[in-house]
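Chains here go by letter, A, B, C and D, matching the order in which they are written, and residues are numbered from 1 within each.
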Amino acid sequence: MMQALAMIFTPQLLEATIRLSTPVTLASIGAMVCERTGVTNIAMEGIMLMGAFFAAAVGYATGSPWLGLLGGIAGGMAFSLLFAWAAVTLHINHVVAGAIMNILAFGFTRYFMNVFYHIQGTSPALPVTLHNYKYAVPLLGSLPVIGPAFFNQTPIVYMSLVAVIAWAWILARTRLGLSVLAAGEHPMAYETLGRSVPRIRYFGVLMSGLLCGIAGSFLSIENSNSFTEGMTDGRGFIALAANIAGGWRPLGCFLSSFFFGFVDALQLRVQSSGLLRIPSEIFLVFPYVATIAAVAGLVRGSRPPAAVGKDFTIEGEGD
Amino acid sequence: MKRALVLAIAIAVVLTMSVEAQSAKPLVAMTTDTNGLGDGSFNDGVYAGLKRAEAEGLCTVKVVEAHAMTDYVPNLSGLAEDGAKLVFGVGALMIEQIQEAAKGHPNTYFAGIDHYYGGEIPPNLIGISYREQEAGYLAGIVAGYMTSKYSKNSPLLNGKNVIGAVLGMDIPPVERYLAGYIAGAKSVNPTVDVRYIVTGTFADRAKGKEASIALIDQGADIVMQIAGLTGMGVLDAARERHVFAIGADVDQNAAAPEYVLTSALKGTTISAYKAIKALSDGTLKGGQNIVYGLAEDAIDIAPFHQFDKIVPAEVKDAVAKAKRDIISGKIKVPVSLAELGIKK
Amino acid sequence: MKKPVLQAGLLTAALLMALPGVVLYLASYFWGAWLLLGALCMLTAERLLTRGPAEVGVQARALLAKAAMPVEGICLALLIGAAIMAVTGHDPISSYGALFYGGLVKNWDVSVLNATPLIFTALAVAVAFHGGLFNIGAEGQYYVGVIVATWLGLMLRLPPILSLPLIFLAGALAGALANVIPAWLKVRTGAHEVVTTMMFAYAVATLSPIFIRAHGGDPSMTDHPGATDTILQQSQLPVFKSVLPLANYRLHFGILIAIVLALLVRFLLSRTNLGFKIRATGFNPTAARMQGISVAGITMASLLISGAIAALSGVTQVVGLDHRMYQNLSAGYGWNGISVALLARNNPVAIIFASLLWGTLDAGGQYMARTVQTPNAIIEIIKGVILFLMLAEYLWTWLSARLRRQRVAA
Amino acid sequence: MRRRRTLYFSLHGQSGDIVLSHLVTPDESDRSSPVLETRGITKVFARNIANKDISIQLRRGEIVAILGENGAGKTTLMNILFGLYRPSGGEIFLDGRSVVFDSPRDAIRNGLGMVHQHFMLVPTLTVTQNIILGAEPVRFGHIRYREAREKVAELAGRYHFGVDPDARVEDLSVGLQQRVEILKALYRNARILILDEPTGVLTGIEVDELFTVLKRLASQGTSIIVITHKLEEVKRLSDRVYILRRGVMAGERRTSDVQAHELASLMVGREVVLRGRRAGSEASPSPILAAHELEVRSSRGFMALRGCSFAVGPGEILGLAGVEGNGQKELADAVVGLASIEKGTLVFKGQDISRWGVKKRIMAGMGTVPQDRRGAGLVLPFSIEENLLIGASDLPPFNRRGFLDFSAVRRNGEKLMESFDIRAPGAAASASTLSGGNQQKVILAREFSRAPSFLLVCQPTRGLDVGATEYIYGRLRDLRDAGAAVLLISMELEEIFDLSDRIAVLHEGRVVFEKPASQTTQAEVGEYMIRGLAETRG
């Protein structure tokens, strides 16, 4: 019993948590920015999938994982641009548009797997992946427990941490941050001050596209070496939950993503330790239950942006 | 409505004609289950068999991926109507549908992969199933030896005497693999610690990777994947953590040559190929269930490829002996964890 | 004096032609279309008689205007799909030929089978929509329905007259229960139902193997690993074949149940007090509350009804088609239900047609992939584009404005 | 789906149709050239013409009022001047040169500043953040908050605005919020200040203070346009006044030489008479609704009602005056049954209803005309008849064992439309297409149709034109005369005095003053309201 526990709660548990939470963290920051500008974004699952696919495709074509990363970002942003066009310019209800984008993403990736490689399932492998660029921060990297988890990591893990800190700073101290906050709280006020609400909302969606693109790239060309169909497996939605549970705050997003990742990592280790031999499904269901609990428990305190999910037009000529 | 209908029919007639353009070689077709091609499992396995036969000039090939379970019947009978001489239905979920299709198209042979039919079987239908546990058993023997007794033979081994397995969903074929794997390992190394994780999905590669890293962190130096696409993550983990992986269903060595020790082969490829061969020889016999196992040499483990030199003779002999004993029935390989006294 | 008699006669005639017409057509007796056409004529005649040609003309034009946008949207989407095919080296014409021949004629029965569960799930989503809620977890309630139906189907030893209604009832109840917690959380803490129901869907799907192992799926058996045993004969839904010999042997009465349910939901929303309150709450909770409508109660009600309907989808699928529960069986009926509801703008009757369209695209896509080897993933893309165009009302107003301007300029 | 609900903020000033009338030529006596001038501005919306051929002039340091009923097109005109809307025709001149404003940004850059009727402030941000938003002092995108704070504080000091640069806007009183709005304009060095219905939400004293501020600004050379529908404001504040009626220019006058009634008739197009008040009444011995020491918490957690007591008797209108944010909202919620009463009792016809639900109260004969017509009163996408049905859908004749009888609903709708003179194409017309006045009439019709013995009325005529106001006052008096008790909560003193038989003042959650209307004056009441204001400010 004791040594079984000792076997579960190891430094590796923390590393696994980071690996599992990285894509969710990135996507949830994207969701946060997007919703702060007033656009509800449930299309992240699809955007992430597109990112993963194009990262693998470009990476394989060029042989460089870094170009692959750019490809993933480009794919994610291009796809999110489509979403922005639908939600902001065409005034389609945001949740609806998001649902459509997800359908589209699955169709696209599967179709182009066939067109590009004439195979389904797994795309051809990259010779080098971003994992080959694992980098240990001097000094910090050699810290006991958190060292390997936070400071001896692969590029995109660092990017996710940077994204969290950067956005915490941007929202608190910069013109951009102020614009983002205002547009989601009182769009009309923002517009009457001579700034364009649609423009900032496009920015928000594109930012989520960028971050989800990176998240997708993590899945395909950092954590593994090729794209497999449906490899996001619901992470986009978990990210949405993480954003809500995190109260639309960068740090909150990170913490809740981290928590979900931790639950998952723990679950895997408890299973393999053979500590409890109950149906494995009981473990597998835990992250979902945890998410529900988190949403139910934490959402009370946090307040969503007043105008999130609401369409914006100046002259209500529709009515 | 009506006009659109007429139009559609007109067009359809035209193109069905164009499709009917017959070639000399017999048409052999398959319909996948809803997982489609690229499942890294039996769909790909059977498809490989068809490709091989095609390469050898035995037939021309056509494949359809089912989108929903409702598609099975139209796909199966449709392929027959397209003039296929032999139609493979892959996946246990179309077990009734294929029997219906067989009754409806007596001039076409149907072969159901992972099917075992009870009662009276149509003369043009063949049920093909496998004893995955035997493949698992052989893989288990290799793993059981290498992880402890011969852990010096490779820098990838750590001698902690722990091996692991990553499962997709907890369904019977998977469990049969696992049961065989555990039994095989224990048979040559009673003290070996076999750990396994059920990921609950056949599609989440990242999760498969984390699962096997969890096992590796707990000392496992050989991890078998029984998880379809999730299993790709096991290979990722092996590549990253420098341990051995064991593939499943098809020889996965190509996916990570430096790390895939061997693969437990479920002879979907060979069995499909055999059926086609028999078809072209005119010896194909329907109305029966064929359970492929070692005896039918459709179950095996893949060659060790570049690891051939580090796998000592004792291991190879043990594998060979196990094969003989299983065939002769001296060894009865368990099919469920329950038989091993492990409760889920 | 004579008018009302004639009127009643026409109506009954229309009804008498329409009912068998629908059944026959669904059972791929295509000449049923003539009956439907006849019914339509009767109806028009009756209208002409009572309303007079002028108003009928107006109504007809209004109907056409309503239909125009969807049709345009679908056509445009097909064009875009064709473009993609052409670019990626597949012949659009033969592909579409196969698509529609396969979907509407050759495998029409498959289209119907595909549509059946979609109608239920779409209705479920629509009811929630009208209450201002987004039941994104219809998938989960679908599973619940499947589990209950399978379990009872294996247990109940009653004559069909009893067991079938019992199963449907129990399934609906279970589906409603599945939504109790999300609804309660929504009311209590304001936890967003999009997240909670979605997570419930994942949770139920994850847990289902336990049930399957408990009822069959014995690893030592090779037949049907990963599926429960077949449910008893008496809890299986009758099939069209029992009355129409030429119908496909799998085509079951589920589609009729679905259509009836759609009409019931329409009635619920437009003609009942509850439906009125649901709509009022959906549009403006504050005003509803001010007028003494218990918003919490209505939220509960609409989510529970939604859950019940979604579960019925699973029930029908089991007692009608599958007759057992499979490991990860769902072809995403829950998720697709959302698209269909959106496509139909949450109009219960429109949902019937939208579902049939979706089913046709899927079935036809299979036929297309088989005969002309165009990958059927293109279907998913086309679906997405259709939804996209359908929902972008703004796009259409914008386009028409553009056109008008040009016409003015010219 | 529900997107439509989010559009309404942009819909003000779109109703009303066109009446041809000749244009009054602007008088030429003033020699100085105009800072701002419009020539023949016309604005056509999808459905109607909001402005037709409007020409105005504004000179340096001048305060010009634009007078008109709701729907006269005032706000549309201002939104055009401010670059929010594009004019369909006509030209705008600044210092004599023609300009085109594509967006508010252009207008701001050209020295225009606008204070909107609905404040354009982000409640969750601080005063400083709100003021600098869109014109932040930045170095590499990084905001120099210290510098910003100082400038804001300096401005606020210069005009004696007394706002704390670090306060969160949502915590400020309405009056202060308005000053923040003005500061926003000044921060951007506005030469021309446009105020849309500035006094709608202010108390007497706040109005005075606002006017002094504006006069000071004008004397320092800022030109000011004030949009209003209140005659006495025009008289008190402006140098000149333009009168708009139904989208066209009905006249232009020099304020010094025009009488209020002339303005009124220009604005409405006919003579206006307001009915007098009933002889003052004392608190009745047997009240319909009586509150004893109510204590109610606000949604933000603090105790908003601290022992509030009052009583409304049959056949009287009790006017509850007070500065916004002194517990009016909580009181209304408590009476309706939305807020939970922590202490004290609410007695209706002798029964303690403190714990009753909304529905039970309505059934017992209590009605409500909420302050937020569109947000809380109506379901805008619903038809008129449906709106009249809400709340009554459980009752016969509409409800037959859970099913609705729509012929009854239609009959009811048409009857009420007729008797409340609701102007719409038909009972099936969507409420969203109605003008503010007609929307309010729909609400009144619904409440009156249940013959309530008590009616709570909050700001019933906010933003309504004189005609509608007149009508609604009339109906309320009729109800009163029929023996019902009416509780009127309003922040506009005029309204309180026009309507009430007795007047009470709500301050910091208590009733601090109560007298028959006949025995008090606006000055006295205002006094009581302000004393609270002073305390809350300090």
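Just so we're on the same page, contacts are C-beta pairs under 8 Å (C-beta built on N, C-alpha and C of every residue); 3 or more make two chains touch, one makes a residue touch a chain.
All figures in this text were calculated on a predicted structure; none of them were measured in a lab.
S.K.: More C-beta pairs touching across which pair, B-C or C-D?
M.R.: B-C
S.K.: Name the chain whose C-alpha centroid is farthest from the C-alpha centroid of chain B.
M.R.: The most remote chain is D.
S.K.: Calculate how many whole Å lie between the centre of chain B and the centre of chain D, each centre taken as the average of the chain's C-alpha atoms.
M.R.: Computed from C-alpha means, the inter-chain centre distance equals 74 Å.
S.K.: On a C-alpha centroid basis, what's the spacing between chain B and chain C, in Å?
M.R.: It comes to 36 Å between the two C-alpha centres.
S.K.: Hey, how far is the Cα centre of chain C from the one of chain D, in Å?
M.R.: 47
S.K.: Quick check: how many Å separate the C-alpha centres of chain A and chain C?
M.R.: That gives a centre separation of 32 Å.
S.K.: Could you list the positions in chain B whose residues touch two or more of the other chains?
M.R.: Residues 65, 170, 200 of chain B each touch two or more of the other chains.
S.K.: Among the residues of chain A, pick out those that touch two or more other chains and give their numbers.
M.R.: Residues 91, 93, 96, 279, 281, 284, 318 of chain A each touch two or more of the other chains.
S.K.: Multi-chain contacts only, two chains or more: what residues does chain C have there?
M.R.: Expected reply: 206, 209, 379.
S.K.: Report the complete set of touching chain pairs.
M.R.: Touch list across chains, by label: A-B, A-C, A-D, B-C, C-D.
S.K.: Touching residues of chain A toward chain D in the complex: what are they?
M.R.: On the chain A side, the touching residues are 91, 93, 96, 173-176, 178-179, 181-182, 185-186, 188-196, 306-307, 310-319.
S.K.: Which stretch or stretches of chain C touch chain D in the complex?
M.R.: That would be residues 129, 132, 271-274, 276-277, 279-280, 282-284, 286-294, 346 of chain C.
S.K.: Write out the stretch or stretches of chain C touching chain A in their complex.
M.R.: Contacts found on chain C: 84, 88-89, 134, 181, 185, 189-192, 194-196, 198-200, 202-203, 206-207, 209-210, 338-339, 342, 375, 377-381, 383-385, 387-388, 391-395, 397.
S.K.: Residues of chain C touching chain B in their complex?
M.R.: Contact set of chain C toward chain B: 30, 33, 37, 93-94, 96-98, 100-102, 104-107, 110, 113-114, 206, 209, 212-213, 217-227, 249-250, 321-322, 326-329, 331, 362-363, 365-367, 369-373, 376, 379.
S.K.: Report the residues of chain B in contact with chain A in the complex, numbered from low to high.
M.R.: Listed in rising order, the residues are 36-40, 44, 65, 164, 170, 195-201, 203-207, 209-211, 213-215, 217-218, 229, 232-233, 236, 239-240, 255, 342-344.
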